[in-house]
Amino acid sequence: MKARVVGDLSILPPAGFRSYGLWFWAGLGFMSIETAGFALAIGAYLYLMSSAPQWPLDSPSPDLLWGTLQTVLLLASLWPALAFSRAGRRCDLAATRRWGVIVAALNALALVIRGFEFPHLNTRWDFDVYGSIVWALMLLHTAHLITDFIDTAMLVVFLFTHSVDVERFSDVDDDCIYWAFVVLSWLPIYLLIYWAPRLAS
Amino acid sequence: MSLDAGAPPIALDPERHAALARVWATPRGLWGFLTTVDAKEIGKRYIVTGLVFFVLGGLLAAAMRTQLARPESGLIDPDRYNQIFSMHGTTMMFLFAVPIMEAMAVYLTPLMVGARTMAFPRLNAFSYWIYLAGGVMLYAAFVLNIAPEAGWTAYAPLSGPQFSAGKRSDIWAQLITFTEVAGLAAAVSIAATILKMRAPGMTLARVPLFAWSMLITSFMVIVAMPAVMLASSFLISDRLIGTHFYNAAEGGSPLLYQHLFWFFGHPEVYIIFLPGLGMVSEITATFCRRSVFGYPVMVLALLTTGFLAFGLWVHHMFATGLPRLGDSFYTAASMTIALPAGVQIFCWIATMWDGRPRFGTPMLYVVGFIVTFVLGGLSGVMLASVPLDTQVHDTYFVVAHFHYVLIGGAVFPLLGAIHYWFPKITGRLPSELAGRWAFALIFSGFNLAFFPMHLVGLWGMPRRVYTYSAEMGWGGMNLLSTAGAYVLAAGVAVYLLNLIVAARRGPAAGPNPWGGGGLEWATSSPPPVYNFGMTPVVEGREPLWLGEELPVLDGLDERTREVLLTSVSQAKPTSREGSPDPSIWPFVTTLATSVLFVGSIFDEWWVVWGSLPVTACVIAWFWPKPSHSRQVKRRDSGIPGAIA
Amino acid sequence: MRHRRRRLGLAFGLVLALSAGCNRENRNLDATGPETLPGLVAVSTLKPGPARGPQPPDPRGAEYEGNAQHIANGQRYYQWFNCSGCHFNGGGGIGPALMDSKWRYGGSMDQIVASIVQGRPNGMPAFGDKIPEQQIWEIAAYVRSLSGEADKLAAPSRAEAMRSTPPINNANPQPQTGDSAAATAGPNG
Amino acid sequence: MIRPALRMASLSVAALALCGCRGVQTMLDPAGDQARQIDVIWRLMLWVCGAMYLLVLVFLAWALWRARRPPLAAPATGPTPAEPGLERGLAGWAGLIVAGLIVLVTASFLIDRSLAELRPHPLRLKVTAHQWWWQVEYEGARPDQLLTTANQVVLPVGRSAVVELRADDVIHSFWIPNLAGKVDLIPGRTNYVALTPRRTGVFRGQCAEFCGLQHAKMAFDVQVVDPAAFDAWRGRQLAAAAPPVEAQAALGKQTFESKGCVMCHRIQGSEASATVGPDLTHLMSRRHIAAGARPNTRGDLAAWIADPQGTKPGTPMPRVALSSEELNAVVAYLETLK
């Protein structure tokens, strides 16, 4: 059996944006893993809530202030993230750098607010199962806030210190998709942790 | 189709081969060993490590059988026996079955889909290292008498803070974290390779069945493994910082553990056995000289099995007193899964019926698989019925069932597949005589060991007992099982010896010793470090059986590591991407992560302080290297997906 | 010079951890030895005349205190034999608190065993002939872990029961006043 | 290569032949309504699955037998002439599987529903599982008629009994194969199992969910007696233990009440009233001691008290320090607890 050359691949462009590059698929893979993790943790919360005589078991509901502030901030940060992504896909370096700093700052602010949320949960992880599952969900989401902050900060530092070409612009786009995922995954958790105790009682 | 031992169809001429081999080469020596990103190198190591753990798990099983050979035998005390059977289950399920199937995929998928390497080579390397770290931790704990003791399922509250003293169940929970991270990493890499890096022309209808089964297995891993990570993380936080997930007195529920565990547990056994189906399809097609009958039905059956697997985990919990109507739903779902399996069995036998089967050793394992797996599948249908399950649940009937479907359904195809692809991996043919002897011993030993367990289970012998009294009448069958276990062990020994001897002194195997049709047989044996110099174009399901000439595409860069990306469904070439060079960061990240995981067993603050070195390693790993498009300096116009 | 001493300390610490690890985990299922009630155990450091050297501690003290299975058994016997009747869940009530570092009759293992065997004034009954000696040593091991002074790795975090104390495997021994201490642990711990 | 297939067939036929064997702890010898109904679904499953298995083996054997035809020149990739026939075969096989599954699912559901039927005013028992023994309580007409025993269940034949299952520590599983399927005992949850014995005799139940070091030796005796004998037994069990007359037994009672035994066990009619360990008021009416680990004879009783770890390593029962005559005295006293 012999090989017969029938074409030339060198005319193909280097990796592109979104599904044309491999990094997007890595992001997609990890987001589906984290979606499964979030869904199961939320399932566990609902399972425990349904089998409990009252919910929360014997601690006050979490204070609404910081949680709602966090939700508003995260939703508001979607627009700068979109602008950051579009600048990246336009390969416009100046705009990408500007929006990058804004998104990183918002991410940092979200982490600060999260720091205030924990004391206002009004329960401890070792109080009862309500405290345990609330802290589990909050820590799960906080881990994602932290990883995305590191990812965005690293990218922004790179944008300012190195010459940027298409691969790095597609990294910007992937990071924005991951940030949107972190924001959207917060919504069900916010409703569960802050509103389920109020609606259930 | 002559069994040409001569030049492979896709061989590059010598100087292009030398240039490309230098670009894709792995550094020599220890540094090369620690930094390699070559999927074949990592795949070989993964398979060998998996087989080592298979032998260790087998020795543990032999110890259990020796203890159970006679009633009231004082050979092993209950504490040691609980550790041994927990280690046997944990090793076989988490350190052998899932990893070795992914290991076969890591080695074979790029070759079968016509790619130069895996999608995320460093992630592959990390997957192997973190898996190895987990295995080393578990067996170090076994030596230090801190091995898990609550079974491979480790139900709470027995594995909880009050009833499992010391650090034993923590070691089990942390091992889950190790192996699941390894499994998830490999699954993402395998799925991306199959979806984005197929040879041009390999549409979804021409993807080899082994690649299909690995794609579906990867999706199942991605959805199922987070469940056991949650279950074990909740367990370890109960044990270390006093949370109450499974503490009934504080609102928690032991059933929450079982739901989370078995939501992973049942897909896990399909994650183990779906790759086995893929291997059977490949071997059957080659040895019957006929492409598998009913390809679309086979793919549909794989998809149905993968999807249904998530809907029937409660059949492990029929005895926990859940409402009976709910249980009946799971009876129906559990029985429905017999349909895709039955259809696949028909297709394989039809392929044999219509083709001309030649009984090389791999084909013997396929026949052994069909005979064994169907019996195990049918005893599974019996277990699906709620009333019958309340009698046979947690007895030796269940032990017999899952050994029939796991050893029959996954280990037989695996042994056949290793024998089948051994010439491609090492370039040498294993001896047929030793192969047949090994099969005979394994098949008869297996049936002698596990068929009597059906009877002992029906006679009321519960699972996980370290001994039983003489007047129960179980002594005879247990002795028979122990004899069978030794014969099975002998068979495995002959099998492994055959491979070890053949690896050094086996006759040279040409590129295609069995006359297979897949792309992996188009390269030399063992394949060059870059797999395919020129990318093959696929026009049918078995490209090498289509005619005398294999169309190829040239033009991928030879000065840098470059791979071709193709569209998901039609595999049309879309773009070229750089493949990472060998990197030490996967290994170093594994060290940092292992320190974090093991340290957090002894002090929970390790999670906080241990994450700093891990973050540093990850940043260093993902810190962008000089980008591929600048290295290649091709015109950047027409970047797919850009807005400008 | 200082480096070598620190490296020696580290090596010694590692060896200690490993050996403690081995003792922490074994289940000693073999038959227990003959009973030897504790000899004369000094319960207080006040004594007339020239100060005599402290007696050597009973070797079983270290063995029971560091062993996870003994502490777990002690936790069960603490509930079974109704120690919680007076000492509540460690915070104290009728009987003194066990979770703090104040010990009226000595807080080392053999002093606690002596208190259980001989009984103490103000209501502590003598369990010498009622509870077999191995179980007394196990209850003493659990009481030591309650006080937070013992090896934290061997102690369980909680019991499969209502929450009664903060997790005892990271309890800190500063004095706490009665069971209210546990209640007022409050959200910020 | 027919050899493995033939051996498999012979082994499975042997299994069918062995179905009818007797035993005290086997589901193949049903002695209660529940076990009999489950036996029906077991036999139906055996025959349907056995038939399907034989079909697969026959088709496989036929395909292997056809392997003797001359080899092909080139491997067949396109559709071969036999494809339409095979497609019809596939459709038929899939239809057969679906039909078989429908039969099995329906039969399983019907039998499951009949098992869940509630019989009128059943006998009520409460079983609490501990780490490695069973506490059994019979509710009486009046609250003071609560009967407590251990590792022993006595049932009147013909009358259905509902057992309330609770666990005190970890998950266990209450299973009497001859009478009914197993139900787990889970801490924090109450489960129920219905038993309707139809044949008098002695059976054995065993814990079927791994529960720690002595999971293997956590069994209990089941005696099915006719209703009159059951009421007599109940009357005897409700009576307190008569104080012993014989000197050695009296010394035994005095030793029992002064040593460690009193911290865990209860003997109604004596000073010992702790409910942490099994109730020993009518110890001699039981066939086994230590949850089925030893038969209830004088020698076994002495060996068990002298060294509990020797019989059940890891059991919470301590080795109480007794001199030899104290041991003999205690055993003599326990022998009076009929």
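Quick notes
Letters are used for the chains, namely A, B, C and D, taken in the order the chains are written, and counting of residues starts over at 1 for each.
Going forward, a residue touches a chain if its C-beta (ideal position, glycine included) is under 8 Å from a C-beta of that chain, and two chains touch if they have at least 3 such contacts.
All values reported here derive from a predicted model rather than from experimental measurement.
Simply put, of A-B and B-C, more C-beta pairs touch at A-B.
The distance from the centre of chain A to the centre of chain B, with each centre set as the mean of the Cα atoms, comes to 31 Å.
The geometric centre of chain B is 47 Å away from that of chain C, both derived from CA atoms.
Averaged Cα coordinates give chain C a centre that lies 40 Å from the centre of chain D. Measuring from the averaged C-alpha position of chain B to that of chain D gives a distance of 36 Å.
For chain A, residues touching at least two other chains, in rising order: 126-128.
Under the contact definition stated at the top, the residues of chain C that touch 2 or more other chains are 27, 29, 76, 157-158, 160, 163, 166-167. The multi-chain contact residues of chain D, meaning those touching 2 or more other chains, are 169, 187, 213, 313-314. Under the contact rule stated at the top, the pairs of chains that touch are A-B, A-C, B-C, B-D, C-D.
Across the complex, chain B meets chain D through its residues 1, 77-79, 82, 150-151, 155, 157-158, 162-163, 248-249, 252-255, 289-291, 293-294, 297, 319-321, 324, 327-328, 331-332, 335-336, 338-339, 342-343, 345-347, 349-350, 352-359, 364, 367-368, 370-371, 374-375, 378-379, 381-382, 384-395, 443-444, 447, 451, 454-455, 458-460, 462-469, 472-473, 515, 517, 540-542, 545-546.
Here chain A touches chain C in the complex through residues 119, 121-124, 126-128, going by the rule given at the top. Interface residues of chain C facing chain B in the complex, by the touch rule stated above, are 18, 21-22, 24-27, 29, 68-69, 71-72, 75-76, 153-154, 156-163, 166-167, 169-170.
Remark: chain B residues 77-79, 144-146, 157, 160-163, 165-168, 238-242, 244, 247-250, 602, 604 touch chain C in the complex.
Residues of chain B that touch chain A in their complex: 4, 9-10, 119-120, 123, 184, 187-188, 191-192, 195-196, 222-227, 229-230, 233-234, 237-238, 241-245, 247, 250-253, 256, 259-260, 263, 522, 534-537, 544, 548-557, 564-565, 568, 573-578, 615, 618-619, 622-624, 627-630, 632, 634-644.
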